[in-house]
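In the two complexes below, subunit A is the common chain; its partner is subunit B in one and subunit C in the other.
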Partner chain A sequence: MMKELRFALYATKKNIQGSAELRTSFLTNIAGMAINNTAFIIIWVFFVKSVGVVNGWTSADIIGLLGFGTLSFGVVFSAAAGIRKLADYVANGRFDHFMLSPKNLLVRIATSSFNASGVGDIIFGIACLTTYALLIHASIYQVLLIVLLIAISTIMFLSIAVAIYSVSFLFTDANPVTSGLFELFFTPSIFHGGAFHGVTRVIFTFIVPSLVVGALPVEIVRNISLEKLLLVSVLSFVWFFVSLKLFSMGVKKYESSNFMTFGG
Partner chain B sequence: MNNDSIIVSSLSKRFSFPVKNQSAGWVKNLFVPEIKEIKAVDNISFSVKSGERVAFIGPNGAGKSTTIKMLTGILFPTAGSISVLGLDPAKDRKKLAYKIGTVFGQRSQLLPNLPLTDSLEFFGVMYDLSDKQIKIRIAELVELFNLGSFINQPVRKLSLGQRMRAEVASSLIHKPEIIFLDEPTIGLDVVAKKSLRDLLLKINNEEGTTIFLTSHDVGDIESLCSRTIVINHGTLVKDLPTQELARSFIREKYVDVTPEKTFDSFPELPSGLRYAVKEKNKITVVVDIEKITTQEALRKLLNVFEVDDIDVYNTSLEAVIRNMYESNPPRS
Partner chain C sequence: MKAIRLAHKILRTLVRDRMYYPGRLLIDTFSIVARCGVLLVLYWYVFRLNNGIINNTTFIVAAWSMFFYFAFSVFRLRDISRAIMQDVQSGNIEVLFSKPISYLSYRMWWQVGEGLYPFLVISFFGAIILASIVGIPATMSTYVFIPTLVLVFLFGAILSLALYATVGLLAFWIEDVSPLFWIVDKAVMILGGSYLPVALFPNFMYKIALYSPFGASQFITHTVYGAWAIEWPVKIGIQIFWTFVFVIVVSILFAKARKKVSVNGG
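This part shows the complex of A and B:
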C-alpha cells in the first residue's frame, strides 16, 4: 500500500513537472479554466437573482454547488487525468505499457497524465466553498461537514469517471460514447439543485448519481441532514466498488493493438 | 533443477471481429454483423532456457507480437498454458512485471517532456527501488549504455538511436531476468543498430539476462541470437540454432564465374543450373542442390566456360527466411 502511494505521488509530481515544462500552456490552462468557471457562476447567480429562491435554493447554495462540483472535477481530472484518456490508451494500444507495470493498474493509469486546467478548477472550487461558508455563516460543524463532503463527492466523481471510461474496453473508438455518458452525469451535477424533485431526483440520485456530487452535499450542509449524509456515503462507496469491478472486467476484454505511440 | 525461464504449452489465441457482409444491406451490417474469428496463435509449444538469446521471427501477422503480449501478461490466452520464471502471466501479471523487462520498438515508455534521468528515476520508483539503489543503478546504466552525453536532455529531443538505447536502459533498471524486445532496431541506422546489438550481448554476458527478441532484421538474428524460432500463420514452423537455420533450409548455392577474357555468348545450362546474372565480365549461376551436387555443377560449368576465377557461396540468411515464409502459405 505504501509502495503504491509512494509511486502515485511520485508519478503525479513528475506529471506536474512534465506539464510545467510547457510553461505557457500550463499557465494558460489554469487561468483559462478559472475564467471559464467564473463566467459560469456569474450566469447562475444572476439567474437566481432574477427568478428568486427556487425550492429553497439561494444564490449562496449555487456557489456551494459549483464549489463541490468543480473541486471534485478538478481533483479527479488533474491528478488522475489518465482515466479520461482511457479510450485513447485502449484504441492505440498504449494500454500495453500499463499492463506491464508492477503497480495497481488503475493507479498507474490514473496517474499517467496530468491536466493543468484541473488546477484552475481546484482553485475555483476552493474559492467557491470558502465564499459559501462565509455567506451561510457556517458553524465549525458545517465547515467539518464541507470537508467531509468534499472527500465523498470526489470519491463519487472518481467512481463514476472510472465506470464510464471502462466502457472503452468494450469497443473501438469509445470516445463519443464515454463523452456522452460523462455529460449525462456531469451536466446535472452542476445544475440548479432546486430543479430536481420527484422522479428526476430519484433518477439523478440512484441511477445517474449526479446529485451526490453537488446538490445533496449543499443540502446536507444547509440542513445538517445526517440521513442524507449517510445516503451519499453509502452511494459513494457502493459506486466505488462497482467501478473497480467494471474496470477489472473491462481489462479482461482488452485486445491490444499495434499503433505507434510515444510517451510514458 | 529446471532452468527453463519460459515454458509454453499448446498456446492459442483467437480474436473475433465484425466483417462486412457484401450481400447484406448496411442496416444488417450495422446491427447484426457477421463475426469472423482468426487464430492469431495456434497451438504452439516451446521453452527457453535461462540466459538464452532467442529470436522469435515470422512475417507480418504471423503471431509474434501476440505471443510476446501473452508471455508478458498483456493478453490472456484462449487456450494453453504459459510459465514465465515460474509464474502464470495471466494470473501473476504484477509479480511477473518485477522480473521482466520489455522494449517495444514502435512504442516509447519514456516521459517525453522531461530529461532522460527523470524517466530512469521514474521506473526505479515504479519498481520499488530505494533512492540509493536508483542512484547506483542509473550510474551503472549510464556507463553501460553510454548515456552520459544526453542524460539531461528531454526525451523528445533525443535521436531515435539515443532513444532506443534509453528505452533498453530504462527497461533494465530493475535488473530483470528476461528482456522481451519487439523489433528494437526498427528505424535505426546501421551504426545505431550495431551499438544496440552490442549492448544487448553485453547485458546477456554480464548480467545473464535472457533475451527474447522479435525482429524483421536479419542482422539482429544473426549477430544476437543463438537460437531461432520461426512462426507463421500462428503455428510454429521451425525451432533450431540460428547457425543451422541457413544450412537446413539452403536449397540453392550461387556460383560467380569470372571469364578469362569476356563472355560473348550465354549457352543453355544443364538441368539444375540457371543464370541469375548475365554480364560480359561476370555470370552468376544458381545451383539447385536438390537436382545437382555442387561438385557436378562446377565440373559442368568448367566444361562450358573458359574461367579465370570461380566463387561458390550460400544463399543469404535473409533469402532463406524469405523462402521459408513464402513456402508456408496461409491456411484456408
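This part shows the complex of A and C:
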C-alpha cells in the first residue's frame, strides 16, 4: 500500500514537472480555470439575490458548495487525470502497456496523465472554502470538519470517477457514454443544494451520489450534523470498494486490441 | 454553387452518421436531462416556495427560456473552437488548407452537421414533453413568435459560430486557446440565461446581456417573455450588428492566420 502511494506521488511529481515545462500554457490553464469557475459563483449568488434563501441555503453556503465540488474535482482530475483517458486507452490498445506494468494497475493508469487546469480548480476550491469559513465565522470544530470533509468528498469523487470510467471496458468507443454519465453525476453536485428535497434528495444521495460531494458537506459544517457526517463517510467508503470491484470486473472483461505498436 | 454543394454534402454525411449511431443521441439526451431536467425541478420547487411568481415571471416562462438555452447548446456550435485548435496543434490544418475548399466554411458546416440531428430530435421531443408537463406561455401563441424565433435562431447560430471561430483561430498565435475558450463560454453561459433565466437578472447584468455579443448569441432565450412582442426588432438588430462585427473579425483573423502558416512538408 505504502509502496503504491510512494509510486503515485513520484509519478505525479514527474507529471507536474513535465507539464510545467510549457510554462505559459501551464500558468494560463491554471488562471483560466480559476476564472472559469467564478462564473458559477456569479450565477448562484444572483440566484440567491433574486429568489431569496431556499431551505436555509445562503450565498455563503453556495461558495462552500463550489469549494468542496471544485477542490475534489481538481485533486482527482489533476493528479489522477489518467482515469479520464481510460476510454481512449481501451479503444486504442494502450491499455495493454499498463497491464504489463508491475505496478498497481489502477494507480498506474490514474497517474499516467496530469491536467494543469485541475490545479486552477484546487486553488479556486481552497479560496472558496477559506472564504466560506470566514463568512460563517467557523469555529475550530467547523474548520476541522471542513478538512475532514475535503478528504471524504475527494474519496467519493475518485470512487465515482473510477466507477464511471470503468464503463469503458463495455463499449468500443466509450467516450460519449462516460462523458454523459459523468455529467449526470457532476452537474447536480454544483447545483444549489437547497433545492434538492424529497425524492430528488434521495436519488442524488443514494443512487447518483452528487450531493455527497458538495451539498451534504456544507450542511454538515453549517449544522455540525454528526448523523450526516456518518452517512457521507459510510457512502464514500461503500462507493470506494464498489468502484474498485467494478474496475477489476471491467479489467477481466477487457480483450486486447492487439495493435502492433511499440512504446508509447 | 460549389459552396452549396459542399455544405449539402457535409450535412448529409454527418446527419446520416449520427442516425447510424442512436447511442450517441441517447447520451445527448442524458446530458440535457442531467443539466436542464434537474434545473427545471429546482426552479419548479423555488417558484412554488415563492407562490409561483419571481420578478413578475412565472415558472412556465422561466422553464421555456432555459429549455431554449439547453436545446440550442445541443447544437454544439461552440465546439468549433476546439476543432480549429486541434487542426492547428495536430498540423492537420496544412492538409485542409491545400484542399480546394474554404477551410472556415468547411469547419462551420461540419459543426452544424454534427449537431443538427440531435438538436432537431431533442428539441422536438423536449418541446412536446415540456408543453405537456408545464404548458405553453401565452407569448408563444402570438403571431410574431414563430417568425422571430426562426430569425433569432439563425442569427444566434451564425453569431455563435463566428464568436467561437474567432477564439479557435487565435490558436495560430497562442496554440492552447482552452483558457480563453472557457472564459468566453462561461460569459455566454451566464449572460445567455442558462442556470439563471434572464428575467431574474439584476438590472446592470441584464444590460450587459443585452448589449454584449455573448448575451446576443443566446437571444433565443428572450423569445418567451412578454416584452418580446415589443422588443424583438431592437434585439434582432443588436444580434445582426454583432453578427456583422464578428464575421468581419473572423475574416480578418483568418486572412492573417493563412499568411502565418508555413508548410514544411514531410
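Definition applied: the second predicted complex is superposed on the first by the 257 of 264 C-alpha atoms of A that agree within 3 Å, B and C clash if a C-alpha of one lies under 4 Å from a C-alpha of the other, contacts with A are read in each partner's own complex, and residues count from 1 in each chain.
Note that in this section a contact is a pair of C-beta atoms (placed from the backbone, for glycine too) under 8 Å apart; a residue touches a chain by one contact, two chains touch by 3 or more.
Everything numeric in this text was worked out from a predicted model, so none of it was measured.
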Combined model on subunit A: subunit C and subunit B, fit or clash: fit
For subunit A as apex, the angle formed with subunit B and subunit C - C-alpha centres, to the nearest 10 degrees: 90
First (subunit B), second (subunit C), both or neither touched by A:Thr28: second
Subunit B versus subunit C as contact partner of A:Phe46, first or second or both or neither: second
Contacts of A:Val143 with subunit B and subunit C, given as first, second, both or neither: neither
Subunit B versus subunit C as contact partner of A:Leu135, first or second or both or neither: neither
Partner chain in contact with A:Ile126 - subunit B first, subunit C second, else both or neither: neither
Touched partner set for A:Leu184, first subunit B, second subunit C, both or neither: second
Partner chain(s) touched by A:Gly93 [first = subunit B, second = subunit C, both, neither]: first
Distance in angstrom between the closest Cα atoms of subunit C and subunit B, superposition on A: 8
Contacting residues of subunit C [partner subunit A, same complex]: 23-24, 26-28, 30-31, 33-35, 38-39, 41-43, 45-46, 49-50, 54-55, 175-176, 178-180, 182-183, 185-187, 189-190, 194-196, 200-202, 205
Partner subunit B, residues of subunit A touching it in the complex: 3, 6-7, 10-11, 14, 17-19, 21-22, 93-94, 96-97, 99-104, 252, 254-256, 258, 260-264
Subunit C-facing residues of subunit A, complex: 25, 28-29, 31-33, 35-36, 38-39, 42-44, 46-47, 49-52, 54, 117, 176-177, 179-181, 183-184, 187-188, 191-192, 195-197, 200
Interface residues, subunit B side, partner subunit A - complex: 15, 65-66, 69, 72-76, 93-95, 97-98, 100, 102, 104, 106-114, 118-119, 122, 125-128, 154, 156
